[in-house]
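Order as written gives the chain letters A, B, C and D; numbering starts at 1 within each chain.
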Amino acid sequence: MSLKLGVIGTGAIGQDHIRRCMQTLSGARVSAVNDINPDSAAGAVEKYAPAARIVVDPHQLIASDEVDAVLVTSWGPSHEEFVLGAIRVGKYVFCEKPLATTAEGCRRIVEAEMKHGKRLVQVGFMRPYDTGYRALKAVLDSGRIGDPLMLHCAHRNPRVGKNYSTDMAITDTLIHELDVLRWLLNDDYVSAQVVFPRHSPKALPHLRDPQIVLLETAKGTRIDVEIFVNCQYGYDIQCEVVGELGIAKLPEPSAVLLRSQAARSEAILTDWKERFIAAYDVELQDFIGGVCEGRLRGPSSWSGYAAAVAADACVAAQGTGAVVPIKLPAQPGFYA
Amino acid sequence: MSLKLGVIGTGAIGQDHIRRCMQTLSGARVSAVNDINPDSAAGAVEKYAPAARIVVDPHQLIASDEVDAVLVTSWGPSHEEFVLGAIRVGKYVFCEKPLATTAEGCRRIVEAEMKHGKRLVQVGFMRPYDTGYRALKAVLDSGRIGDPLMLHCAHRNPRVGKNYSTDMAITDTLIHELDVLRWLLNDDYVSAQVVFPRHSPKALPHLRDPQIVLLETAKGTRIDVEIFVNCQYGYDIQCEVVGELGIAKLPEPSAVLLRSQAARSEAILTDWKERFIAAYDVELQDFIGGVCEGRLRGPSSWSGYAAAVAADACVAAQGTGAVVPIKLPAQPGFYA
Amino acid sequence: MSLKLGVIGTGAIGQDHIRRCMQTLSGARVSAVNDINPDSAAGAVEKYAPAARIVVDPHQLIASDEVDAVLVTSWGPSHEEFVLGAIRVGKYVFCEKPLATTAEGCRRIVEAEMKHGKRLVQVGFMRPYDTGYRALKAVLDSGRIGDPLMLHCAHRNPRVGKNYSTDMAITDTLIHELDVLRWLLNDDYVSAQVVFPRHSPKALPHLRDPQIVLLETAKGTRIDVEIFVNCQYGYDIQCEVVGELGIAKLPEPSAVLLRSQAARSEAILTDWKERFIAAYDVELQDFIGGVCEGRLRGPSSWSGYAAAVAADACVAAQGTGAVVPIKLPAQPGFYA
Amino acid sequence: MSLKLGVIGTGAIGQDHIRRCMQTLSGARVSAVNDINPDSAAGAVEKYAPAARIVVDPHQLIASDEVDAVLVTSWGPSHEEFVLGAIRVGKYVFCEKPLATTAEGCRRIVEAEMKHGKRLVQVGFMRPYDTGYRALKAVLDSGRIGDPLMLHCAHRNPRVGKNYSTDMAITDTLIHELDVLRWLLNDDYVSAQVVFPRHSPKALPHLRDPQIVLLETAKGTRIDVEIFVNCQYGYDIQCEVVGELGIAKLPEPSAVLLRSQAARSEAILTDWKERFIAAYDVELQDFIGGVCEGRLRGPSSWSGYAAAVAADACVAAQGTGAVVPIKLPAQPGFYA
């Protein structure tokens, strides 16, 4: 009776989703697994889904009768191909971010899905499933602070590796804000500007860190997002919405209040994986539920496309220092 | 492959557990349902577990081949009979609190289980599964605040119905602290005293509200618990552990920080059902996991017995105002 | 034009008050100084009040034409004598705590003052002048939390010297709560009980630390005060009032919120002298203002007497473990 | 022995300073008072300083033997004249903000003071005297968060009158941040940009509210200041410094923590006059102390000049939307 899932890609996130489906979530099981590296697929199956079949060809997995829906957790550049493949056979597909590595790729998925005539794709943006963001949105939607006028946000990591480049502050880091703030505000971005504060001595020389991204929305709301990926002290996500009547702030993760050594203190997480860990469960459970009911509710391929368009503009703005317009076509009614 | 659960009792908590097993948790399904009221059983089955069989005789349900383990969520006075019934046939059983309505009844279950030779019973105390209490215990166990010397606790409800009586402040309300603090401290109670502050005008005349219960443990730790079930403002659980080096406090549920109308504020829950809602999921998932591995880890029947013995002393202390000793036999190695 | 103050006693607190009058407060100056040790008096005068006269005989100082009002900051056992001396010549007198070392001594001062026919004495209880306690009292008086039913308090010091004895937890430490809570609640104590948690390994063997004092008031309000003078982590004063409609808590001293090293933290003071430092200024300025207007408003000798009576009962309760009644005569209208 | 102050201007702030000198501060008294409206001067004298002389000609007051130092609290456009007058006769002068209504005016004062050869002028910027800002600066100076990289600030008022115009958001409101942040960072501004979020429906149509001012300093630190003068909910000043190792945030004013009506809450001030009320006392006491010691320590005329130059650039940036350079000459050693 349970939904049969085929998983393409058994790296860290892929294995995590397999474990999640088999040990935590309700209503689904992993029936088929593929990875470009067959040993990796075999390891994941042995560890979490002994009854699942290893399928060498990903498109065969997509087409298989043993697969009701597909999870794409492979290498980013392969996402577009597999998502388009799933759409082609009319199967639901959950695709980890990025939906595609270019806005054009996202656009192709949007068009294929619309041509198919029904939403089949959910993108792995998990923040809209976080209880904190949901509580924040509930306050906004309640009207208690009136219409939002400004957002002050921060995305901070303790440190990054040497392969992390200045543009990845947009495409890997800010991308989460680009998605979740759009959802939070029910609004679209119209321009971006990036300013660079003095370089943190803790950041490698090639990386401009921190950065501040200034966004403007169609309704005129102004957003500033501090991106600081060598902040040392913790993984810290901040989001404060200033409305016409008051201010609402994303909850801090709850923590024991300690009084010791001349300080009142609460721990801050240092590992990003823990920050939204519960949201991953809710996200995938919602995908499973959506598939079973035949109606997906999570981030759509349009959301993936919108985030990609905005990210492109932010990267351009990094280069020029000027205000760069963000031109997103009107959202088709199909995605309303 | 999934664990087959038989549920006895389809009141609010029973239905909630059926829904939980069928829609949220992994690895189990409800296969058989019983209620003293067949219509109630039928309604629950229709709503949440259409494939489950309705069994009119609860002992037949316990014995059924279609039932791997039993959930007892019936009327309190029937718990002992059904738990003993499950032990008799050697099946795992999860029993909502109270394990039995008397300490003697709990004792009989302990003895039957020990005679059986293996832990089969988990009691439905959910607080040890709450992430807040777990984080608090982690701080204690880390040694950061040294040995605990004092605990300051509060258990507050906005209001109670007219059937709520003074002793229920112990048997229905304090019972949760009696269980969780014993677990938190890894210690046993040795005495209880109850003092009554001035009567709240918001409490009905027959009910002594608020109350303060003073407990002493074997290690000499002193605990005060304020019980205030007509506090009006919210459902609020407080627990502060004063150690030799510092203080650790149970986290507040996380909430949006609002700045509006001349105040910074965070919402306090008003419905007790929401406060530990996630803990119920973790609790029952842990029972399912424990059954599958053949080793229960949650609150044991000894925990149920210990809480009942302490509760009896507290009720006696309500009557006399004096310090009442709490005499619990040494914990058998069986339950270590 | 400014008020001429004579100071008896030039120890730490005496010098501090001289400095305060000369450098910080408005409307008064120190004109005469006495100490049992003439070198100490000379040092204080040289440092803070070069124009002041050193008077060898304290009673001569009290009687001097150059002294409008007296500050008694000498050794505790001498307070009664000097306060009575000031009353005898009809001069206003500010006396550091204790007003007298026994309740009987306080009583003699009360009687002398009433016989004189006008309030002349202010006792150096500074907490009612603290902005935090004042804000707390304002909330209580506003009715926002209804009538107070319970108070949960703590008085914690990082550590104490080896001369600090178990009874000093009452007479030196709790004495501040005994005064300020009576003022806060506008109520009198009727009984006391003391319970001793396990001994903190950080406390010297002769000292019972921590202690919990349980007080009951005439209106039935129940108060618990944790006294923990080797708490290690800081000087920390807590006071939480549970009312019939809500709870109000003494503000924490304001501090920079720091995010660093995986924690959000705010500093806790470690030196008691800093905690109420501003209150000392307000207290003495109010005495000066009261003298100038001919009407004292601060803690009266009756307050000093009431605190002493309560302290005696608490010390007795330390010894017996039982509930000890607190018998204070009705407050004379003279002190209303 | 006490310092004799002459006050020019007896409006609200002038009267407040007279009261402060006569009733709260130590070491000074108001000996002479002037106002363009003699009745106002007479009223202030009668109310707070009955022994002071009313002087009709302000320059006569400045020159008078009965005046050791001058407080200028008159109408803004007259400040420059009176400050220059005080410098001419070599008297210390405390001037409420603005030091002059133009940067050129400030510059003339700077030059006159340098020509005189000694600091005589203190400008009435009170925030550097606020305990919160001082605590924040102490954290910065301790090195605990490393060098500052970014500042996120807000200056919010509940509402403003109809005479408040868009440029006043800079000259009346932001001016305080322009002064205090320069002091906090020990750095100078090099550019300004202003962005306008959507218009708050609560602001009058002629007023652009809110605004966000983006500043860059010589060291490359980036500052964003939200100015929102119709925020409705309270008077709220925020300042968060992001350093290379951590973050430090200006303390919130301390407030009673209330639990009532399903919320934990702390009051936010609504009247700006209360926010820095204690800082005004410290500021003026420091001026008095500085005069007595012959060495002023508070905000100098150079600070007033620097704030004026930055304000001019911000107003220009409001008009163009572009990044406007801020060109301040190097600070003369005279002011180091």
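Definition applied: contacts are C-beta pairs under 8 Å (C-beta built on N, C-alpha and C of every residue); 3 or more make two chains touch, one makes a residue touch a chain.
Keep in mind the model is a prediction, meaning the values are calculated, not measured.
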Path length in steps (a step moves to a chain that is touched) from chain B to chain C: 1
Chain pair with the higher count of C-beta pairs in contact (B-D, A-B): A-B
Intercentroid distance (Cα basis), chain D paired with chain A, Å: 45
Between chain A and chain B, centroid-to-centroid distance (C-alpha), Å: 37
Rounded Å distance between chain B and chain D, as computed from the means of their C-alpha atoms: 58
For chain A, residues that touch 2 or more chains besides their own: 232-233, 245-247, 252, 259-261
Touch list for chain C against partner chain A, complex: 232-234, 236, 252, 259-270
For the chain C and chain B complex, residues of the former touching the latter: 146-147, 149-150, 152, 195-202, 210, 212, 214, 216, 219-222, 224, 226, 228, 231-233, 242, 244-247
Chain C contact footprint on chain D (complex, rising order): 22-27, 131-132, 135-136, 138-139, 144-145, 245-261, 266, 285
